[in-house]
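Next come two complexes, and both contain chain A; in the first it sits with chain B, in the second with chain C.
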Partner chain A sequence: MNNTAQKHDATPLVAESYYAAVTDALRTEAARLLSEGVVTAVIGYKEGRRHGTAGPAIVVDPARANELIFSAACVNNLALYLTKAKKGVAGTGKIAIVAKGCDLRALAGLMAESQIRREDLHIIGVACAGVFGSGADRREPLSAGNLAGKCRECSVGAPEGADIVIGTLPPLPELSPVEAEELARLEAMTPAERWAFWKENFARCIRCFACRQVCPFCYCEQCLCDRNRPQAVETTPRPAGNMAWHIVRAMHLAGRCAGCAECERACPMDIPLNLLNRKMARELKELYGHEAGLTPVEKGPLVIYREDDDQSFIK
Partner chain B sequence: MSRIGVFICHCGENISRTVDVERVAQVTARLPGVAIALDYKYMCSDPGQNLLKKAVAEHKLDGVVVAACSPRMHEKTFRNAARAAGLNPFLCEMANIREHCSWVHEDREEATAKAIDIVKFTVSRVKKDRALAPITVPITKRALVIGGGIAGIQAALDIADAGHQVVLVEREPSIGGHMAQLSETFPTLDCSQCIMTPKMVDVANHPNIKLYTWSEIEEVSGYIGNFQVTVRRKARSVDEDKCTGCGVCMAKCPQKKIDNAFDRNLGTRPAIYVPFPQAVPNTPVIDRDNCTRFKTGKCGVCEKVCGPGAIDYGQQDQLIVEPVGAIVVASGFDLYNIGPKPADSPYEGYGEFGYGAIPDVIDGLTFERLASASGPTGGKILRPSDGKEPKQVVFIQCVGSRAREKGISYCSKICCMYTAKHTMLYKHKIHDGQAYVFFMDARTPGKNYDEFWRRAVEEEEAVYIRGMVSRLYQKGDKVVVMGSDVLVGVQVEIEADLVVLATAVQARTGADLLAQKLGISYDRYNFYSEAHAKLKPVECATAGIYLAGACQGPKDIPDTVSQASAAAAKVMTLFAKDQLEREPIVARVNERNCAGCLACKKVCPYGAVEEKEIRDRNGNLIKTVAYVNPGVCGGCGTCQATCPSKSVELDGYTDEQIMAMIEAL
Partner chain C sequence: MKHDFEPKIVAFVCTWCTYAGADLAGTSRMQYPANVRVLKFPCTGRIDPVFILKAFQKGADGVLVSGCHPGDCHYMAGNFHARRRFAAFRKLLEFVGVDLARLEFSWVSAAEGGKWVEVVTDLTERIRTMGPLAEFKELETEEHWSGRLETAELKEAYNNI
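Up next, the complex of A and B:
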């Protein structure tokens, strides 16, 4: 829902030539890295089968570097391919990865959690004006009208801390923060209304676990929620189990979520998962002054105890 | 099917008064997997334990539930009994139906139902218990003693005499503590300095004692047998190795007008000083807050006059890590101050006594300094305002103590005796003077204590007035004491030359902070808590840490010395072994599941979690996982609570066991 494009204002945010230039630079860099043997693979995007789409690609041959692209259709968070495929891509040597600002935040988080090491990565940052929201007509250029909700409030368009950053963004217009507005609407509700809101949303969940599979932070070898001895969360898509799963997911992401909103994009039932993520992020900021950032933090707020920690929740 | 034995204790009447133990036995005997359920009046007694042992053998039990008191009380007892009967001790669990049930409930029906539930879920837990083997860890046979008062000195000397190394840490520039400030001591009136200073010298000369004065505890980590203690040696500005203690620096220091805290601010001292002439070590310290050199950069007299060149203005605080196996806390007490209290203090000051603003209203410790031969008046009792000999002195007991409205409800224990002593010291020095004492009760239990008090009343002519003082105020050069004599039922007004308040013994300011560093518990007055009020009076609940002296509660010298020797004996008992057997209740990592996020490593308070690489047969790294060092693990379970994938579990407290316990209800 929040990821869904808003149907208005079709003025292009960036010129088509911007993506062409970034794509060119990206191909040159990837070919150089592979041919010089700096990295063994480049994780990036290539064109999708349908017009205006893109999908993840792993390039190991410099000759195929020209398959890589960058466009507003490059929605995926590629950090996922460093953890989920631990036994595949990782461990083969230094790897290059194309990262938008939000992806870079995920990389920083994964480094802090000992899942990847900075020295094993060559990060190709790309300056990103935003990606398409779901349902966007891909024949149109990226505009305020078809931009993903999360991108309307993005603060990391030009990533920092990468080995190289490709592209320089033109000045972008200030857009109304639709996600923040939706969050404010929820927060204004009474607890009973909010409970009803989430109950209704979670009731739709079919427990396909797409949100989990697409999340770079859900890298456990065996998810707690797949366990049956003892069973912590009911596995069938019934209301109580659904609620439990989504609460576990939200709590486990508190202070870690990079805000890429891939969970919400992947959800076939349009559950506004990023709203929960953002709510948790805000709680963490208010309670502990912590925000998931672009640099790894050795100890996140939920693994430290400080004397002056807020304890008002103990009643 | 399990064969579990359930043993239900009456605990005399402690449990059976509220819980129908026979019914608990009848009901739980029918639980699936329970082979036998018995009740007995005192399960922990020898016949009770024999019941358990016999049942293990007869019924071939593979698990035992003892429904009795807290595991803190008797888990060890029953696990030993299970071991003696041939069962792995960790297959024996306590179901606490005393603290968790009979003591806190009144309704017999409901309490019995709850007791049955407690036994039920403990049976479910035991079914999933694993047999565990104890872990042994080496013991560092060195002790740390915190505080160099009489308690710390006694404990340090006893441990050192037993042949073990002791590190003694004292916050002040000299050891001695409060006892060094006293004049004469009850009930024998021997001079405090005369019995104290030889012990101080013994500490300094003892080959087994490493003395750190002017030092504080910075950080404590580790566990029984293996603590790592970081000591902050505050910059003394004097090189202890070079200083000969000649005292020229103190004599020549131009800044001599600093209130002498050791003399309760009655006299003055120089900026470079030892607190009192008999100080140990006899090495001065520069009070940087008051030293002209440190304040303005000009001066440097002490450096010029120091023959051996011991003055070092550039000295920095030093942090020293000392490995020790046991810790004795002897950090002492503070006295209640009648001045107005800050808003966040739980205590009220004494506005009716002028909040400490009347110069001739002093506390007992100040009186000790006045009466002491080495005090600011050379042992002459002279009042602070004009230096005159006081002819009428009023002593007021229970100032701050036993005064709930002022924030303290306990009795400070030592005041009755020292006030009696003060009246005698006064009479011995000012023969024509008259002492009055306002008191609530005279509490004088102790060997020769009541005799001592009677002597004060009957032979030394102190007038004891039973009643409280409602107001003190200055009138001319007198202090008017308005009180009541409740035995006669009249109001009393005395124009006194000097008033001495027996103020309450309080925990040290900052005692809570030290406790937090040590990981020991303290009560609402910040006195440190013993593990058991009667049977473990010197042990802390934290293994390997022992208490001595007034940091645990108000105590006089004989009690303090006894407790210090007791704490030392506990340390020696620990050090008598070479290996420490530890409970194997430690966390284990499921390496197959562990994703290696190492959140457990970040939260572990014991530093027990390490990284472990999993490699294939060709040596290729498959993944990095967490590993818990069982010798270091404290079994707190924080890792288990933190692990997102539940890949680390505490033996005896696995998620499976906890879930089974919940499901049993």
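Up next, the complex of A and C:
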């Protein structure tokens, strides 16, 4: 990349003062909710130990609401903390959760699948200009150059349907959709080339299951892929089992995935997992007109059927 | 007639329609290739995409999934659900790079012994011309390490032991 491009890419998308203002409003709102007893806990982000990082935080004391922050480093999808990561959070009273647009989609999906109830939640939506991609230098401000891939084609910057929305985004530049371009590149390949592409990517997989653990929709008590007798998917990190695992994962998320790309972010081997999710989302939109949105849809596309569904592929 | 290559075909069939249809083909003494291995399921809705994957991994050259015609399901809607699931699964397999010509879906009722013969014969002949499915078999025998074992640094370290 030449210098001009870098200079252009490094233009901050939003001013630092935007995050400061959002953080202030967030703290005020969290303190109010906790002290008034509206909620028992606020799930949000706090500053990480390294400069420019942030991690999930659960605040129960109004005095500690000033630990909460919002910045471009708030990458996590906190919806995870309402299901498996913090089992038992649900049922302890109303919970407030900080949600970016993409997280809100995951929340809507979880509500649709009866994993959480809207009345148990107080959703603090934040208008988000995007988050850092992997490997971004956190000392620099968020720019088109260090933005996460999923954020380049985000359509839910300002969330809707939340109890309160914090922040108003300045107009953001239109960015080239990197993931859609990569998807188009793969689709243009021959099957053999695609097989080679995925074989190489899946071969790197070490089966740490970070993609499963971080996914808000992988909430099964027992995963099919952990079972033996009968063993559906080989558990050792060999190419055969890796291929099966990733196909099964994509299939189980088809029509459910909210597109938060946490799987790809959590992957230590940099496998482009969100490409699979995006592909399935697009196919299900084409086939059945389903799209993951901000309002809960009671039944996903693979749970319902129509008598006149396409069956041109069946003899 | 002798052939150079006899493909292995795994058929996942529903017990109420296609299995009975295959049975009818047998009792009617219709001839069809013996390449097909039939696995009986209660319903096409019970056939998990993982079964298809496993069949390919364990050496099938082709897979056939067959059940009741829409509206004839013994469990009312099993095949409707299966239809959507397999439509999605096909797209996924295609995206990963599997040749969809090796995967066949069909509706064969209990009265359609002839259709069963036709479906199995067509699929067998098609796979025969395509040859064995190499991709999954290669994958099955492969070992792969996340790091490369033959790098200069590792070799040097190994030689210094």
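Assume the second predicted complex is superposed on the first by the 302 of 315 C-alpha atoms of A that agree within 3 Å, B and C clash if a C-alpha of one lies under 4 Å from a C-alpha of the other, contacts with A are read in each partner's own complex, and residues count from 1 in each chain.
Methods note: contacts are C-beta pairs under 8 Å (C-beta built on N, C-alpha and C of every residue); 3 or more make two chains touch, one makes a residue touch a chain.
Because the structure is predicted, anything quoted here is derived from the model rather than measured.
In the overlay built on the shared chain, the residue A:Gly37 is in contact with neither chain B nor chain C.
Contacts of A:Gly135 after superposition: neither chain B nor chain C is touched. More chain A residues lie in contact with C than with the other chain of the pair chain B and chain C.
In the superposed model, A:Phe313 makes contact with chain C only, not with chain B. Of the two partner chains placed by superposition, A:Gly55 touches none, neither chain B nor chain C. By the document's definition of touching, neither partner reaches A:Pro170: not chain B, not chain C. Of the two partner chains placed by superposition, chain B and chain C are both touched by A:Leu224.
In the superposed pair of complexes, A:Gln115 makes contact with chain B only, with no contact to chain C. Of the two partner chains placed by superposition, chain B and chain C are both touched by A:Ala232. In the superposition on chain A, A:Lys299 contacts chain B only, with no contact to chain C. Residue overlap on chain A between its contacts with chain B in one complex and with chain C in the other: 224, 232, 302-303. Taken in their complex, chain A has these residues touching chain B: 86-87, 91, 113-115, 219-224, 227, 229-232, 252, 298-300, 302-304. For chain B in complex with chain A, the touching residues are 592-599, 602-603, 611, 620-624, 642, 644-647, 655-656, 659-660.
Chain C meets chain A in the complex at residues 48-50, 53-54, 57, 70-71, 77, 80-81, 83-99, 104-107, 119, 135-136, 139-140, 142-144, 146. Interface residues of chain A facing chain C in the complex, by the touch rule stated above, are 186-187, 191-199, 203-204, 206, 224, 232-233, 237-240, 243-244, 247-248, 250-251, 254-255, 269, 276, 279-280, 283-284, 287-288, 301-303, 305-307, 309-311, 313-315.
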